[in-house]
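The same chain A turns up in both complexes below, where it pairs with chain B and then with chain C.
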Partner chain A sequence: MPTRNTSPAVRPEESGRAVEGGTKRERARHGAARRRGRSERFAPYVLIAPAVLIIVALRLYPLALGVNFSFTGDGDANGTAVGLANYLELLDDPLFQTALANVGLLVLLLPVAVAIPGLLATFIYLKVPGHRFFRSVYFFPAVLSPVIVGAIFNLMLSFDGPLNELLGTIGLGPVDWLGDPGVAKFAVVGVQIWATFGMALVVFLAGFATLDASLLDAARVDGASLRQSIWHVIIPSLSQTIQFVFVTTMIGMLTSMFGLLYVMTSGGPEGSTYLPEYYIWIQQGQMNRPALASAASTVLFLIMLVVGLLQISVLRRAGRED
Partner chain B sequence: MKRTLWPGVVVLALTVAACGSATRQESTPTGSAAAAPASKLVVWDWKSGEPYAKTYIEKAKADFAKKHPNVTVEFVPQPFEQYYTLLGAAMQTKTGPDVMLFNGGGQIRDRADSLLPLDEYVAEDKSRLAGWEAFAKDGKTYGAPVTLQGHPIYYNKALYEKAGIAAPATTWDEFLANCDKLKKATGAACFALGNKEGIGPQFWLSGMGSGVLTPAEYDDWIAGKRDWKSPNVKKIFEMFKETGDKKLNNEGANSTAMFTDIFSVFNTGKAAHIIGLMSDIGHWKDFGEFIGPDKVGIMLAPTVTDGAMPSLPYDGGIGYAVAKWTKDPKAAADLVRSLTTTDALSSFSAEAGAIASDTTISAPQDAPVVGEIVAQLKAGKPALHVAMDSKTIDLMGRLSQKLLSGSATVDEAVEELAASDQEN
Partner chain C sequence: MRRVAKWVVAVPMAILALATIYPLIFTANVAMKTRREYVLDRFSLTESLHWENIATAWNSVGMARYFANSLFVVAASVFLLLWLGSMAGFALSRLPFRGSKALFIGCLAALFIPFQVIMVPLSRVMADTGLIDTYPGLILAYVAQFLPFTVFLMTSYYRSVPREIVDAARIDGNTVYGVYRRIMVPIGRPALLSVGILDALFCWNDVLIALLMMPSADHRTLMVGVTSLRGQYTDNIPTFASGVLIAAVPVLLVYLFLQRQIADGVTAGSTKG
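Up next, the complex of A and B:
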């Protein structure tokens, strides 16, 4: 308010001069200001143009093409519009249904995949004996490529492999880890968790760095057990970190299990370990059905879009809570 | 939400008009480009990088250079695991190679619309080479065979001697009895079966089929008239399930890879029989190195049905084809011919351990079983599974795993296969 009161005292003088003079110089200055105003208005667009162009040319346009292809046929029908035929075929294909069901399974197993690094990070934070050693050992698998991890576990889990031998010595029958459809999908998810939990562990440890130690001390003084400290102090304090790990683990499971599947099970046994991306690859490369693969890609894209939007809203809500 | 919606709107708008296609459509080549002779031919395969193919490639190149001194040839070896994925992508953009290696059967037939019919160029080679059918579709030839690929039933003669079996069985019952004897005397499983990739039933169908189907049924099957309601067709799958139920296979068959874990099961004497290959891998040469060349035997499929005529199932194995869009079809076809000369093929046969498509090459002396295989070629017939499309083959792989694990019955499997086969 005070500034508004003072400004009229200055303005009349200025405008008076403008009316009085009305010189070219004045008009030129106004024109320059207008131009400067216009260029300032356009500057943001110019500055974001490269990024927008890259996104449009390299992301949205191919995406649109892919979606477009999914409404055309394969083989003899190449290039002709077939409407929703590819999507209907997908819905009808038990293999694609399995792939989608497995996505659901991954979502269900997500809490396990988050709880494991969370618990281990808690133990490291609480300085269990050998915590320095474990901190580096736990991260180690994260630097291995999925192909190497897959090859290692192919040997470990083979029917006459060391794990079954170990089970044999304690009197348990051999398990066909990668040959039994009920077991194989859990085996692969287990290996995926083993291979990637190191990264989540590091994120958790970073979260612990922001944890107020006096809260834990206070809980300890009040006689809280370990379980109570975790439940009432650590989890509430780390809620944002936990949500972040949920989001990144979900994305990792949905998009980066191809290498493991390829090496460990090839989608088998009985097609039980198919995921949409593996299905897309098989249709495109092995079955010579690029249009059907485009339709499957579109479905996967939509799933990821929904999951991504849900996750963004979860993260936003978490941000507002603070 | 607003911010995340607009890309979706753009996508939808572009989608409404479903035009364009997933693979590039035909376009008429510009006149001058089509007429000018190619100065360079690019060849894709998964063989030319191997040491054993060196002499073969050199001989083929020398032969080609005599005919087309101005044309250079570049061989680009690709990893086999990725080969058809890479090739499929290259074909869609029409930037692919001029000449390319194919497996006979479904792989080349599925892509025949991108390939040049070779009939007018290879007419002279037709009688010298065998295995053309695997590279033909609708009466046109799209590739020239380099090797023959087939599925003999190999057996371990040393194990047979230990079990006191003088000669391989000729009937299925006798064969099962032999399996019992072998198990008791040597502890070896009857079959080495690697079905992780689901390839097992392909080998089984082709290896055992000629003992089960009548000759008429067999020929009809190859010709595309497949009677899935025939009790004999069902019998082949029943026998496959029987091997699982009676524990005739090595343990963990569904999690053992055909390529190449299973071959070591046979090589180490843990199984007495294996339905293997004739060329490249998992064949007489590999087995001979471990169990001794004179200990490797082949047998024909045991007879199950009266009137069945067991024969060696084989087809053209691998062969070179020419892309439709190559700038100089004559030169490319000549390169294919250079890659299938008697001289070049005899080098490949000897060094790679393959049964070459050239019927004028004599078998090597150090592997007696090769003589037995070659002797069977004349009466041999195309393999049953090669006649099927890749989608049905893929389905058969998954169903076979279900048959072994007991989660599907033979009736269900045959019904599903029939539906898939008739759809395509």
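Up next, the complex of A and C:
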């Protein structure tokens, strides 16, 4: 019986140590807690201070500074107040007008850019053959830089490039994809949709994961067609996801096409592919007109605010009718 | 959907998948061709792999230098983002303090300021502080750009950590900083990985911020380097394609191994927001 012999011999010693140590530790803990109470009251502020400092100094302060800039002059008039002169100049500038018109075009194309990934996500959710493979392939371009996407499509869409050669074999074209002012903006938007539909697709699939599958089953038992199921079950259940995709796709179109424009068209031909972000870049970087660029920035900010709020309210109303 | 209908839908979806992937295969194929091969027939599979195109792009075009620049800037930015972001997320989610709600809302608001809107004044601030065209300047610009997103996701992740764990660690005699280091960092690993990959992709893929903050040629990041290829190699498409390939391969590797984490990060905002 070695276990019985050893255990009583050890236990008192252990417990004795534990009691003694416990009181010491407790006393130490009280002392530490009192000290900690003072020094640690500020701990949350210490933890958050670096993040707050950086965000305030390099995001919020520049926003205020930029709005302020936009009411001052450029060049000789640097720093002096000029009222709304920059904004009036913007409205008169044909390049900025084109940029705004192109924003309008993007807003019109937005439903397409949301519907395509929505429909594809529906099919993937319904487990079309190869759905896992499709999901992986469709999502990949979304993680590539617009610069790489733009460079690849520079090759694909050049006048003597592969796409025109392909069209030639079936007796079409050639089309000057990036050189024709009427075509280039659609080519660039098409590439943007090619590059980003996978992002929206993944968001839709996350929405589908929260969808109550029994609703769809019930609809099918009642003899609903796929179109009826999408219209009466999927869209109402996913209204929040759809709203999110609308807003993020619009923000993406307004703020992440710079790389594409810079590589594919440089705003050309004849300024036809200008967007506000490209206009800001040109005025700041090439034309040395920071105040004018700031005014354009402020306009872009307002556009994004209005578009975002408008979409949310429109979608809310549409949701209520259902 | 009936079985037949699913197969009917799968056909256009397969064609779309091909259209999604073909431009990349085309570029990789071209990168392995000689100029002569490309001019004669751009579609044919390359007869042998001409790795010397890659070597040319890597060495004489300077992609090696740009690659190293990008790697350094991205690593430093992501480290700082995760460090500062997880500290702030811990404080905002699990430490009651005055002004915590206001700070969280301010952080959310900063999330909706696009870079284009502040790029003019920001470059003025960077120039005034002597940070323009320096690595710390570019790293700070990236940290500022992606910190609101990082703080937001870390905060919502830490909200799912039971309060009892934090309380128990405090009773065991840990300071707040000890709780952060011993509990919150290890527990936050899945979120840190997911957010870190996304932050890394954002920084790696960016061109606008790098163009603005790093004007001199030897400070170029890889993406800026790719844009400069365009002008230099208009008549040498295989070298151009090689440069593009060099810039795309790291992203492809990350995607192949960490696709799920990327998708998790992307969708975290949609389900919690």
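In this text, the second predicted complex is superposed on the first by the 247 of 322 C-alpha atoms of A that agree within 3 Å, B and C clash if a C-alpha of one lies under 4 Å from a C-alpha of the other, contacts with A are read in each partner's own complex, and residues count from 1 in each chain.
To be clear about the criterion, a contact is a pair of C-beta atoms (placed from the backbone, for glycine too) under 8 Å apart; a residue touches a chain by one contact, two chains touch by 3 or more.
If you're wondering where the values come from, they're calculated on a predicted model, not measured in any experiment.
With both structures placed on the common chain, the touch criterion links A:304 to chain C but leaves chain B unconnected. In the superposition on chain A, A:60 contacts both chain B and chain C. By the touch criterion stated above, A:271 is placed in contact with chain B alone, chain C being left untouched. Of the two partner chains, chain C is the only one that A:44 touches; chain B does not reach it. When the two structures are aligned on the shared chain, A:285 is found in touch with chain B and with chain C.
Residue contacts after overlaying the shared chain place A:96 against neither chain B nor chain C. By the touch criterion defined above, A:69 reaches both chain B and chain C. Looking at the superposed arrangement, the partner reaching more residues of chain A, out of chain B and chain C, is C.
In the superposition on chain A, contact is made by A:130 with chain C only, not with chain B. When the shared chain is aligned, chain B comes close enough to touch A:176, but chain C does not. Shared contact residues of chain A, touching chain B in one structure and chain C in the other: 60, 63, 65, 69, 281, 284-285, 290, 293-294. On the side of chain C, the complex with chain A involves touching residues 1, 5-7, 9-10, 13-14, 16-17, 19-21, 23-24, 26-27, 30, 42-43, 84-85, 87-88, 90-92, 95-97, 100, 103, 106-107, 110, 112-125, 140-141, 143-145, 147-148, 151, 173, 175-177, 180, 201, 204-208, 211-212, 223, 226-227, 229-230, 237, 240-241, 244, 247-248, 251-252, 254-255, 259, 262-263, 266-267, 269-271, 273.
On the chain A side of its complex with chain C, the touching residues are 29, 32, 36, 40, 43-45, 47-48, 50-52, 54-55, 57-63, 65-66, 69, 120, 123, 126-130, 133-134, 136-141, 143-148, 151-156, 161-162, 165, 194, 198-199, 202-203, 205-207, 210, 226, 241, 244-245, 248, 251, 254-255, 258-259, 262-263, 276-277, 280-281, 284-285, 290, 293-294, 297-298, 300-301, 304, 308. Residues 4, 7-8, 10-11, 14-15, 17-23, 25, 84-85, 88, 92, 110-111, 113, 196-198, 251-256, 261, 390-391, 394, 397-398, 401-402, 405, 407 of chain B touch chain A in their complex. Within the complex formed with chain B, the chain A residues making contact are 60, 63-65, 67-69, 71-76, 78-83, 95, 157-160, 174, 176-181, 184, 265-266, 268-271, 281-282, 284-288, 290-291, 293-294, 305, 309, 312.
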